[in-house]
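Chain naming follows the written order as A, B, C and D, and within any one chain the residues start at number 1.
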């Protein structure tokens, strides 16, 4: 097949933006998620306000933020509060509609590991840890994962469960009384997954242009479940690519 | 739960009350000593709401008036006095003599009621505080419990969350989305706003969103949780709004005398509440020169620099 | 004896001010307590900062505040915070050295009633209730009561215990784990009382000029305990009276 | 406890560290991404403190440097990364390979560590939060417990209070008593300040008490709980101070490379920490023009009127 006229990152950004259609609030990190949210606000979610765990609600960054604590997120924001208030009054209160998360490992139920590779006490690789991810995954109304599809990341068993997804599947999350709805989507660079089945198990729901089911299965560490109908995701529109390249990321930091 | 859409929320107090305050609602008109939306309380009376549960740390004159008018069946509070003056006689008549009707009381200390708002605001099942142990308040209110600290340091009191149907708050300025700047006594406004199912914000000035975004640390209530914005100058009179007008202490002293006589209270309500169409009429009736006397000299805070980062 | 050249209120203010010697923070209401604190700051406690339950730390009122929520307490204060922070970070944290309290009824152990006269459900008189008094009496390092000496106020048994003092005396307060030290002084218009005995029972420690033990006992509803030595309190000095009359209360609102 | 007397608390960073940070202390140099007192961290290294328990939600470069220097035996944290860049390699070497010495970890989520500060700040035996249930973090840290809500709504996680020996915080301005104005990201500074036994405040500007009193809602830390005030311009570099300077991202990127080589780290510490007398020397070495490039254009908040009431 011919080379795509867009990068994998651009496709992830565009797919994520589509999924934010109509959303009012999103809890977001830097990099791709931040780009996706800004693209969504300029297209399908004009009322979307960005919430950062650093204490910012309604950011209007004049540049691409270098971190979730970037001062550009403060200047011109609607509201900047203590982290106690951000986590208590916004996240735990249930005001976060969508949270975008990622991790080093994800399992078939959307549970995430951002803590260690190997044993917790004697790790092979020490990862950053939870940050706000544990409480975000528990309290956000809906959670989207954004991760590159790699076999070492899509594992049969996590080395450490940092952030609860659908736990052991079915109603196991609800039985523990977790207030948020849990994982809804996994947005990768090759395909899109959802959890729309009674077992709340990750299933392939859409392939990106030119990607096959086998290519996807090859990167997933368990027998992949397929949705009843697998759609082909639309490629980025010219206008979406223009927004990303000319307005959101003119210096190509995230491509 | 669904966040209210980002639309222009500027409405009249009449519309705001008609939309969000029904009979049998639990209503919190809050603000400690200042920022009390008398305008909202009077509009609720004009709309003849009944059987309300009124929630306020310090019931103040506004709830004394609403209870005298028979609008409430229950009062949730933590200090029942005419601040700096004396008693609230209408509430006392309801409690001591069931006039004009009986009034159930649910009573806390200040910190306890603040804690109930705080737990409600952050979806927590309880708020822990070092109070009540040794006090008869525990027996008077079974909702207050004492538990063992899970870390073994001893006993600690807890109160459950409180989520009013509607909170009504007055502030200096907000934009049309309800993003609200508040300065002076911050009281419990942030907590009760986040705790309530609906929020009505009344302000002295409606400003452009840019004014709010120019000082994000000053934003106490985000439009995200606000349902209605009402432009209501002098809407907190006879209480005060920091920097805009002083408390009209003469009115508080006058009420202390007047409120001891039920007939005088009825006459007052007829003249100042039922006899007027809205707050604008109340302000007109008192006259601008009356309010000019309550205006303090300016005392401006030094500006701060947030810096442009691009 | 000849008429005193000062009022009972002035004497109470002056005695209370003396007792604040060297204090750094005081939790205060309006009226006499407020006057006493301002007098103390201009005399024996130059570092004294006033804390109000309305959320004000370090007030510098330009007029006599009409209530603890007076806007004059805000303008020029060091810090104005939410009531959650005032009660949590200042009072409960243990930063309040002295709290001044009063009530409709007090018993021999310094327990206070500000709730009802008569039965709680069917009261003869409904009083304002606790406000912050319950947690103040529990958390302040030291508590001073300021009340006029009246038999209907100094009762053998409270109708309702709103704010814990030394409870049933002895170590009963410590046994319940209340962090603050409890009542230390009762400052009245006729005499001064303390609790400096193992039973933590209110005892007469000083008489104001011209007042006899019998006059005091006549206003106390239980057999009054006497300190080993009963002192005579100093009358207000000319300078103290000048400060009160010319600077603190020129309009004689509290005399 | 005794409140520190109201005296002039302005001292040098050298004096402040020598007085309040000893070997074996628990130290919290806080501030989320910005306001990080690198000046304090470097002075602690110059004074060769050992066996410290370092507490910080996001250890950042400053703790990577201090741990590389062997000053710490334990780290309490909630996110261990070079913000927006990648790993903290020195900390990883300590954890994965015990280089230069073993490092105990005590780990929380952000809200959990904020909660530990909040409980410590208000003398509460615990802080309740909706987190951890279903996560392996519960097993990894036995201090985190799950209890039954006393009102019967289900399970809730709790964390115990945290009271560091000393908190070191950088802000825009304070007076000589330590009354501190802070704007921008408020992070956890208020909570950790009230939670700690001693507080050192470092500021860009020392101002008159009148400046603080002119905007009391902006005061995040009262002098009442502050032991030492240090005038330390650019003391947070390479992190930022809102309105004063930007994060020096080049330094963060450079550290990402440099820190992967222990010898390079030692050389860096020799040149930029041990080889310099104090922060002023560090600023001089980089040069004013270097810092001028980090200064944002001004973006002033609109003033507010508190009003004079007399």
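Heads up, the rule we're going with is that contacts are C-beta pairs under 8 Å (C-beta built on N, C-alpha and C of every residue); 3 or more make two chains touch, one makes a residue touch a chain.
In this text, all values refer to a predicted model and were calculated from it rather than measured experimentally.
**Student:** In the touch network of chains, how many steps separate subunit A from subunit C on the shortest route?
**Tutor:** 2
**Student:** What chain lies farthest away from subunit C once each centre is taken as the mean of the Cα atoms?
**Tutor:** When every chain centre is compared against subunit C, the largest gap points to A.
**Student:** Taking each chain's centre as the mean position of its Cα atoms, how many Å separate subunit A from subunit D?
**Tutor:** That pair's centroid distance is 29 Å.
**Student:** Calculate how many whole Å lie between the centre of subunit B and the centre of subunit D, each centre taken as the average of the chain's C-alpha atoms.
**Tutor:** 37
**Student:** State, to the nearest whole Å, the distance from the C-alpha centre of subunit C to the C-alpha centre of subunit D.
**Tutor:** Averaging C-alpha atoms per chain gives centres 40 Å apart.
**Student:** Please list all residues of subunit A that touch 2 or more other chains.
**Tutor:** 56, 70-71, 74-76, 80, 88, 92, 139, 179
**Student:** Can you list every residue of subunit D that touches 2 or more other chains, as numbers and ranges?
**Tutor:** In subunit D, residues 123-124, 129-130, 154, 184, 186, 190, 214, 217, 242, 246, 296, 299, 306-309 touch at least two other chains, as defined above.
**Student:** Take each protein chain as a node, join two nodes whenever their chains touch, and name the resulting shape: line, ring, star, complete or other.
**Tutor:** other
**Student:** Which chains are in touch, pair by pair?
**Tutor:** All touching pairs, sorted by chain label, are A-B, A-D, B-C, B-D, C-D.
**Student:** Which bits of subunit B are touching subunit A when the two form their complex?
**Tutor:** 1, 3, 5-6, 121-124, 179, 190, 194, 209, 212-214, 216-217, 219, 222-225, 306-310
**Student:** Which stretch or stretches of subunit D touch subunit B in the complex?
**Tutor:** 123-126, 128-130, 145, 147, 149-151, 153-154, 156, 158, 160, 172, 181, 183-184, 186, 211, 214-215, 217-218, 242-244, 246, 296-309
**Student:** Which positions of subunit A touch subunit B when the two form their complex?
**Tutor:** Within the complex, subunit A touches subunit B at residues 24-25, 47, 49, 56-58, 60-63, 70-72, 74-80, 85, 88-89, 92-95, 97, 139, 141, 179.
**Student:** Which bits of subunit D are touching subunit A when the two form their complex?
**Tutor:** Touch residues, subunit D against subunit A: 32-34, 57-58, 77-81, 83-84, 87, 91-92, 95-96, 107-112, 114-115, 118, 129-137, 140, 154-155, 184-188, 190-191, 240, 242, 246-247, 249, 296, 299.
**Student:** Provide the residue numbers of subunit C that touch subunit B in the complex, in ascending order.
**Tutor:** For this pair, the touching residues of subunit C are 30, 53-56, 65-71, 74-76, 80-84, 87-88, 91-92, 115, 120, 123-135, 138-139, 160-164, 167, 173, 176-179.
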